[in-house]
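First comes the structure, then the notes that go with it.
Order as written gives the chain letters A, B, C, D, E and F; numbering starts at 1 within each chain.
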Amino acid sequence: MSDRFQKGFETIKQYVTEEEANWMIKNDALADIAPDLRKFIMEFAYGDIYSREGLDAKSRALVVITSVVTQGAEPQIETHIKRGLTGGLSPKEIVEALLQLVPYIGFPRVQNALTIAQKVFRARDLTVE
Amino acid sequence: MSDRFQKGFETIKQYVTEEEANWMIKNDALADIAPDLRKFIMEFAYGDIYSREGLDAKSRALVVITSVVTQGAEPQIETHIKRGLTGGLSPKEIVEALLQLVPYIGFPRVQNALTIAQKVFRARDLTVE
Amino acid sequence: MSDRFQKGFETIKQYVTEEEANWMIKNDALADIAPDLRKFIMEFAYGDIYSREGLDAKSRALVVITSVVTQGAEPQIETHIKRGLTGGLSPKEIVEALLQLVPYIGFPRVQNALTIAQKVFRARDLTVE
Amino acid sequence: MSDRFQKGFETIKQYVTEEEANWMIKNDALADIAPDLRKFIMEFAYGDIYSREGLDAKSRALVVITSVVTQGAEPQIETHIKRGLTGGLSPKEIVEALLQLVPYIGFPRVQNALTIAQKVFRARDLTVE
Amino acid sequence: MSDRFQKGFETIKQYVTEEEANWMIKNDALADIAPDLRKFIMEFAYGDIYSREGLDAKSRALVVITSVVTQGAEPQIETHIKRGLTGGLSPKEIVEALLQLVPYIGFPRVQNALTIAQKVFRARDLTVE
Amino acid sequence: MSDRFQKGFETIKQYVTEEEANWMIKNDALADIAPDLRKFIMEFAYGDIYSREGLDAKSRALVVITSVVTQGAEPQIETHIKRGLTGGLSPKEIVEALLQLVPYIGFPRVQNALTIAQKVFRARDLTVE
């Protein structure tokens, strides 16, 4: 495990639960065809980028949620809403960020993202406000 | 001027300078073909959405910058970097938000957005850090 | 219920059946996390925009179908094909609009949209021509 | 000149002026590197697709304008607003179609498209309404 | 069957198995609403474009896979990974092309595409390397 | 200079001329606001990704050109057409790759990319075939 991977793994723990972090270290769904993808995510995305100074974890989570919602990248919307919640965003802040996008991307993608957020909140027994 | 327009105008003042706000109220570049566009931006985008509680102005600016960068909507990248600066984001925070996007949208759109940010920072004599 | 909501509700009746309109008024799938989304859709999308003069209902439906197909926003493709049919577009016109998009967005998104259209037409026992 | 090219050329005359049609037949900006592009546009886009029955020319122009605006494909926005005007859309209908897109793609791309429309209308001395 | 359809059908045989080609000729999922779509795909996409000289079949398949992954057009990612394999790309080359996209489109769409590739490889009992 | 930067710099020399490589090492347009962007491009994009085995340089260049054209990321279309030429793609192969995209993204973005390619070819005195 490289230093950058180690740094990435320490950083991702701000965004996933202890249990998820342990699960991640033992499992890699794409190990048989592209084991380097996980390595790059950990080393580059979390080790080099998320770990930088100058913007707090909550804001980084907000930026990432916004980007995947704007792209309509569905499995990632769920992943990053979960990581945002663990990283300190409240359900209310996530909902407000999604509504803030209406004037910039229109209703369809916001509605789809809110439906995913609702599912995540319910699974974690979270309410808005 | 409707109440919602008034509310929008009060809200946009968090994101533009006094001078720009005054300019806006007197000028509407699209007045001859679509005067309602400015009305909708003021009433709906700023009056209904930006003015909501539950997410601070800086975070709203961050969400909007992220979305227009992810879309590659160029004139708006400049507009919303300027509004973000007025709204309280530091040049450093804006640069960090753009770098945070690299793992989610790739280098090209981030590089283009940083070039725009640089131009805005230079025009306002701002440095990063 | 605001005037704009009322106006939006009257307008949406051009695009949904009586039954659907009644259902809508009693149900809001996102009521627990973002009750304002439905309000904004009704007030802004239908009350302020769809209700404008200068473009007929069928053309508005065509514009919206085209936009969600170009974006690849899947649940909305189904929704707006249904609303377009109720709003006066024939199955033939919808199919022709989708084929018209091939030179502008390529085959993949058109093929996906036609598959959705086919499902909607079959459920309503509609044939093309 | 193939039959399909001929059919395409006859069809494009619904969307361009006599003068532009004559210009097109003598000029091809990409002739030195990709002469087949113009051939494909004429044969496939106009000969096979635009010439189909079941949707009138104005609606086809509306579909195409909507798609290029949704994509943010800038040089084509200008081209197809011009062709839409020649094809029978009024400036008012074009403006209304663009405003109809706000709830589906957000303000930025609509604002950019209206700015292009304004330039086209002014060059042709057209007013809205 | 036009000459162009025939040429397209000969060309597609480089990208699909004998069995799939025979199946295609007898089946058209959209025959009841848009029979011309298949005709256009065969005549234009395969007959006019894929059959051109100057770029080999493997490279054409690579271009198409890259484009549908960049667009996030999901059913087509599966279709074109399959056609690429039949057209001569190795599983390794496909995986490398997808990883090559990370710096240009970010991790989310690459991860989704790799998950689809994995499913295709497993169904065909293919391993990477 | 890290090992990964060094590896990236060696790799990028397959895609840029000696002169450009030397220029790059001395110049960084974004040095005042985001010096790490160039570092990440060199270390991650070129050092980690482009340098991988299993796909040749020409194919990697083709994948990247295809992706930026599909995205419509304009300054990068020019950059990567140039790098593709230096990396071994012929003007003919680039033109064919762009035409291959027509059925997948439509004419507008292909036409814009061909116009950029034409400019690059002319500046280098290259002809197609």
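Keep in mind that, in the parts below, a contact is a pair of C-beta atoms (placed from the backbone, for glycine too) under 8 Å apart; a residue touches a chain by one contact, two chains touch by 3 or more.
Protein identities per chain, from UniProt: A, B, C, D, E, F = Carboxymuconolactone decarboxylase family protein.
What you are looking at is a predicted structure, and each value in this text was computed from that prediction instead of being measured.
> How short can a path of touching chains from chain C to chain F be, counted in steps?
Each step joins two touching chains, and the minimum needed here is 1.
> I want to confirm something about chain A and chain D. Since they are copies of the same sequence, is their interface symmetric in residue numbering (over half shared, so same) or not (under half, so different)?
Same; most numbers are used by both chain A and chain D.
> Could you quickly compare B-E and B-D and let me know which has more C-beta contacts?
Spelling it out, more C-beta pairs touch across B-D than across the other pair.
> Between chain D and chain E, what is the gap in Å from one C-alpha centre to the other?
Their C-alpha centroids are separated by 30 Å.
> Distance-wise, how many Å sit between the C-alpha centres of chain B and chain F, to the nearest whole number?
31
> When the C-alpha atoms of chain C and chain D are each averaged to a single point, how far apart are the two points in Å?
Averaging C-alpha atoms per chain gives centres 24 Å apart.
> What are the residues of chain F that contact at least two other chains?
Touching at least two other chains: 40-41, 44-45, 68, 71-72, 95, 99, 101-105, 107-108.
> Note which residues of chain C are touching chain A in the complex, please.
29-30, 32-34, 36-37, 40-41, 45, 68, 71-73, 75-76
> Residues of chain A touching chain D in their complex?
Where chain A meets chain D, its residues are 101-108.
> Considering only the defined contacts, which chain E positions touch chain A in the complex?
72, 91, 95, 98-99, 102, 107-112, 114-115, 117-118, 121, 127-128
> Per the contact definition, I'd like the list of chain A residues that touch chain B in the complex.
Spelled out, the residues of chain A in touch with chain B are 41, 44-45, 49-50, 52-55, 59-60, 62-64, 66-68, 70-71, 92-93, 95-97, 99-105, 129.
> Taking the touch rule as given, give the residues of chain D at its contact with chain E in the complex, in rising order.
40, 44, 48
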